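Pasting the structures here.
Heads up, the next two complexes both have subunit A, just with different partners, subunit B and then subunit C.
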Partner chain A sequence: MIALRPNPAWFGMARIAARSLTIYRFQHLWGFVSLGLQLFLMRAVWEAAYGGRDSIDGVAIRTQIVFLTIALLQGRLLNIQIAWSIQGQVESGKVAIDLIRPMGFLGQMTAREVGRTFRNLTYVLSLIPLALLLGSLRPPDPFTMLPYGASLLLAYVVGLLTWTLVGLMSFWLLQINAIRAMLQMLSTFLAGTLVPLWFMPDALRTVLTFLPFQAAGFLPAAIYSGQVHGLALVQPFAVQLAWIVILGLAVRVVWGRAQRKIVVQGG
Partner chain B sequence: MATLVTCWALVRASVRGSMQYRANFIAEVLFGVIYNSLGFVFILLVLGQFTSIDGWTLGEITLLYGIRLCGHGLWALCFSSSMMLDYYVQEGEWDRFLVRPMPAFVLMMVSYFRVAVFGDVLAGVVVLAAGIHQAGIVWTPARVLFLGATILGSAGLDAAFAIGPGALGFRFLNTEGVRGTIDYLTSQFAAYPLTILGRPVRYLLTFVIPLAFVAWIPGAVLLGKEEALPVPAWLAWGSPLVGVGLFLAALWFFRRESRHYQSAGS
Partner chain C sequence: MSIIEARDLVKTFRRTKRAEGRFSAVRTLFTRETVDTKAVDGVSFTIDEGEIVGYLGPNGAGKSTTIKMLTGILVPTSGSATVAGLVPWDNRERNARNIGVVFGQRSQLWWDLPLDESFQLIGTMYQIPPERFQANLAMLTELLDMEPFLQTPVRQLSLGQRMRGDLAAAMLYEPRILFLDEPTVGLDVVAKERMRTFIEEINRTRQTTVVLTTHDLDDVERLCRRIVIIDHGRVVFDGETQDLRHRFAPHRLLDIVVEPGTTVPVATLLAGLPPGLAVMDEREAGATISIDPEIVRPADAIALIAGRVPVIDLTVREPDLDGIIRQVYAAEEGLA
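Here is the complex of A and B:
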């Protein structure tokens, strides 16, 4: 049973998760340094690759940089750790306690994740001026911002469902560290945010189009950078919604089975 | 001698420990291969479209990447447990190393063996072989020796970049951010000719954070491209020594910082 009935305790859980991220402040300050560095180096590499040309295959260098910058920033929001939370609870046996609580297990995990995301959101928002200052990001215009926001939200849901599915594997495998880490590592690449899909070889691009990851990364960034506009906007939204339906059903089925599979470790 | 025997026994035990879970072992090795190849795939994709970066061909960049990966693999084989330092300090586990009759640093080194390291080494050897094959180096005895020394130096730099900032963990408890950035820098950018960067940053990455010595400068020496470097030829040929020197400096810094350890008290 999917328990997404509203529950007031969710807010408490979300708040605790958000606060736990502020413990290591040094880490956060370092985030600014690290982002500045990443943006700077990324630009250097692509400018060198463009080698003085203004545009390649119809993609202007400016568009390319904006795409990569927004992809990097939104990547911090879409860096979803729910698979890790689920695995941790299952592996340690804490899942037993979670299941006794008067709200669904997946609801609890989702609430924690959303809490983390809100904390990350304030963090990402604080990084935007830096990106604008470095000239990597174009100030948003409202006609792009609106579809971008919607697409980003859908991307978040796609990501949440994908990683929930990965996390649920731990009910069968217990130890999914390696698989999860591998997917997590590959995900920026699979999402087409490291090298945009338009610069990928045809075969690879086709494969990636059939995976959910690009719906959780590439599509919103492509909208923001202005590569998709007007009527063509229908397509990315259709793809994202289709993934939400498919993955939502998959989570439902898998969770139904996982509940019968629970092994509670130790006593 | 007895110390060495003990160390060897400890290393064997930790390797055996990590081999207990077969499936996870294979997955972790695969993880190592993929993690390290990802940056290279990026280069393949970009150069597939654009043929060269700042006058360096794909083959030449592959050589640079191979040097950096082999150095990294060698480092990881010996020193990867230094990544656990945050955990040891946070949990007070460092106590256990302090009460034993061997230097704590050595005990830390043999405490844990990350199996993914085999993947790192594998990826390194393959990419380096491909690079050597493709780059068309004119081999002289000096260059053969230099390649060996370069990999050692590159490993020394990688170790220094991990151990030095990692030692800050004794004071700050969490160094993941700093280490993550440096790892990002070395894994993503050490293989590029740094001439793609503006002069101030190029100097920064040559003389302050000497990323340039990991692969670009020694690679240029192997390919006979010294004239484009921002350093004189003697320094370029001496680049393996930069790695060794910095490694020793990092060890000294580690010892100094370790005095700031306050046990976790439990």
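Here is the complex of A and C:
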């Protein structure tokens, strides 16, 4: 099972993963620039789409921009690459090395992912002042920030578990590029953070309630932009927690089987 | 006291059978037919604490698969094993603390970062007390002469330096057992020698048990008193290295090069050699002769041949490991 025990080995692994990523300075800088660019383009596109109107279908442009800005910023944190890491280790046979370490395999993969997220957090935090200055982001108030923070954390766990499950498929299929690419594309759309869920047809919206993607993206952004508040907050949290239980159990079962399927590629 | 026990280990790999003929690529997608390959087929042995054992066999014999079961990476299809009292694949994380593993073809170091950072992480992962870590690192740095490249990113290290780094990484937490899977593959003579000296040293000073797979007979000769040979997934020899030589390859090989322009064929010149000498191979410019040292002393053999043939150069060598293993296996087939 995913070992989220706070042991020093785990932090060491997360730290070294972040270090490996920041060592290439150009790539590091590019991560920062590209996020700024995305923020700018998104705003330009939606302002053009609204064409001077204040609201469409009862959604004010201001709410829309705040929602999409927070969705973009948090998207960097919720962009989880663990499936890719797992496949890489399996395909190259490096999984052999992971299995002789005194830490569980999934624990190591998770620690690396968290290390990566912390690197991304530096981009996101440094762009928040800019977003506030441009008026794309509403200054946070504590009654929104608290549930938002909690929901963001849960969204992260849902994403982590979903992509772990996808990554584990590589123990059987070896190559999961096609599945991963398809899901990656779908998930950005289905998470409701590219086009907000409220602009989607009812039928699709109903389907999405039964998929984990919105729990890993839309829900926290909706809380932040003030779409959900008061007692209604119970629902998104319940959905997220339910997904964590379901996906957690699935990961546990699949990983148990994967361990017996291990073949080390390349001798 | 035995520290490693393997009993009837079997590992079968299953893969989908590829369809042949028309539309084979499409039909392979839907086929349910599988092919089983037995990589390891009933391997048993025990290894005592403090031994250095050479685990040998031709490519594909099942060496690495056995090592991967003993290190807990692979789960065997059947059979049992204990390593320092633990079943490795059921106790991966605990087993990891008892064993050090070096794969010649793979590194456990972090590619993008200076070597030292990999060591620091290992220190954290294995929870080595700081003073102990510093002392071990200093000792290993000295013994493996790593000072000049401790701060170099791993991707910039030469193969020899990287291998030293990997050995150090495997020994930092003082494991009781060291598994080395082809640790000298691709290394030059000097680097190989350094590796061997290191293995000898840690075995002598720390009583570390070493299991070594290699294709290099010099590694075995230098380090292992005992060897286990497997082929086709089965143990075909388990005993003292000396015994193996005596039983299967007691002879030496003498390669000679004759003076250019020698008119009489080499075969004619070498006809009717005394017992203990036999011509193995003839070439236009020379020949290979096998010498049985039990019958003829190699020095006498050289004098005898040099008296008959105009030799301008010669080398004496021992039969290579693959040759011996082939003989061991042939003998085994003969008995069966």
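To be clear about the criterion, the second predicted complex is superposed on the first by the 251 of 267 C-alpha atoms of A that agree within 3 Å, B and C clash if a C-alpha of one lies under 4 Å from a C-alpha of the other, contacts with A are read in each partner's own complex, and residues count from 1 in each chain.
The criterion applied here is as follows: contacts are C-beta pairs under 8 Å (C-beta built on N, C-alpha and C of every residue); 3 or more make two chains touch, one makes a residue touch a chain.
These numbers come from a predicted model, not from an experiment.
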Next on the checklist: Quick check for you: in the superposed arrangement, does A:Ala181 touch first (subunit B), second (subunit C), both or neither?
Outcome noted: first
Checklist entry - Now for A:Val251: first (subunit B), second (subunit C), both, or neither, which partner does it touch? => result neither
Next on the checklist: On the A-aligned overlay, A:Ile262 touches which partner chain: subunit B = first, subunit C = second, or both, or neither?
Outcome noted: second
Checklist entry - Does the superposition put A:Leu72 against subunit B (first), subunit C (second), both, or neither? => result neither
Item to check | Contact breadth on subunit A, by residue count: subunit C or subunit B | outcome: B
Item to check | First, second, both or neither for A:Ile16, with subunit B first and subunit C second | outcome: second
Checklist entry - So, A:Leu219: does it touch subunit B (first), subunit C (second), both, or neither? => result neither
Next on the checklist: Looking at A:Val228, would you say it contacts subunit B, subunit C, both, or neither? Reply first, second, both or neither.
Outcome noted: neither
Next on the checklist: Quick check on my understanding: which residues of subunit A belong to both its subunit B contact set and its subunit C contact set?
Outcome noted: 24
Checklist outcome for this item: Within the complex, subunit A is touched by subunit C residues 13, 64, 68, 71-75, 92-94, 96-97, 99, 101, 103, 105-108, 110-113, 117, 120-121, 124-127, 153
Checklist entry - Given the complex with subunit C, which residues does subunit A contribute to the contact? => result 8-9, 11-13, 16, 19-20, 23-24, 93-97, 99-104, 259-260, 262-264, 266-267
Checklist entry - Which of the residues in subunit A end up touching subunit B in this complex? => result 24, 26-27, 30-31, 33-34, 37-38, 40-41, 44-51, 56-57, 175, 177-179, 181-182, 185-186, 189, 194-195, 199-201
Item to check | Residue numbers on subunit B that touch subunit A, as the complex places them | outcome: 21, 24, 27-28, 30-31, 34-35, 38, 41-42, 45-50, 52-54, 172-174, 176-178, 180-181, 184-185, 188-189, 192, 196-198, 201
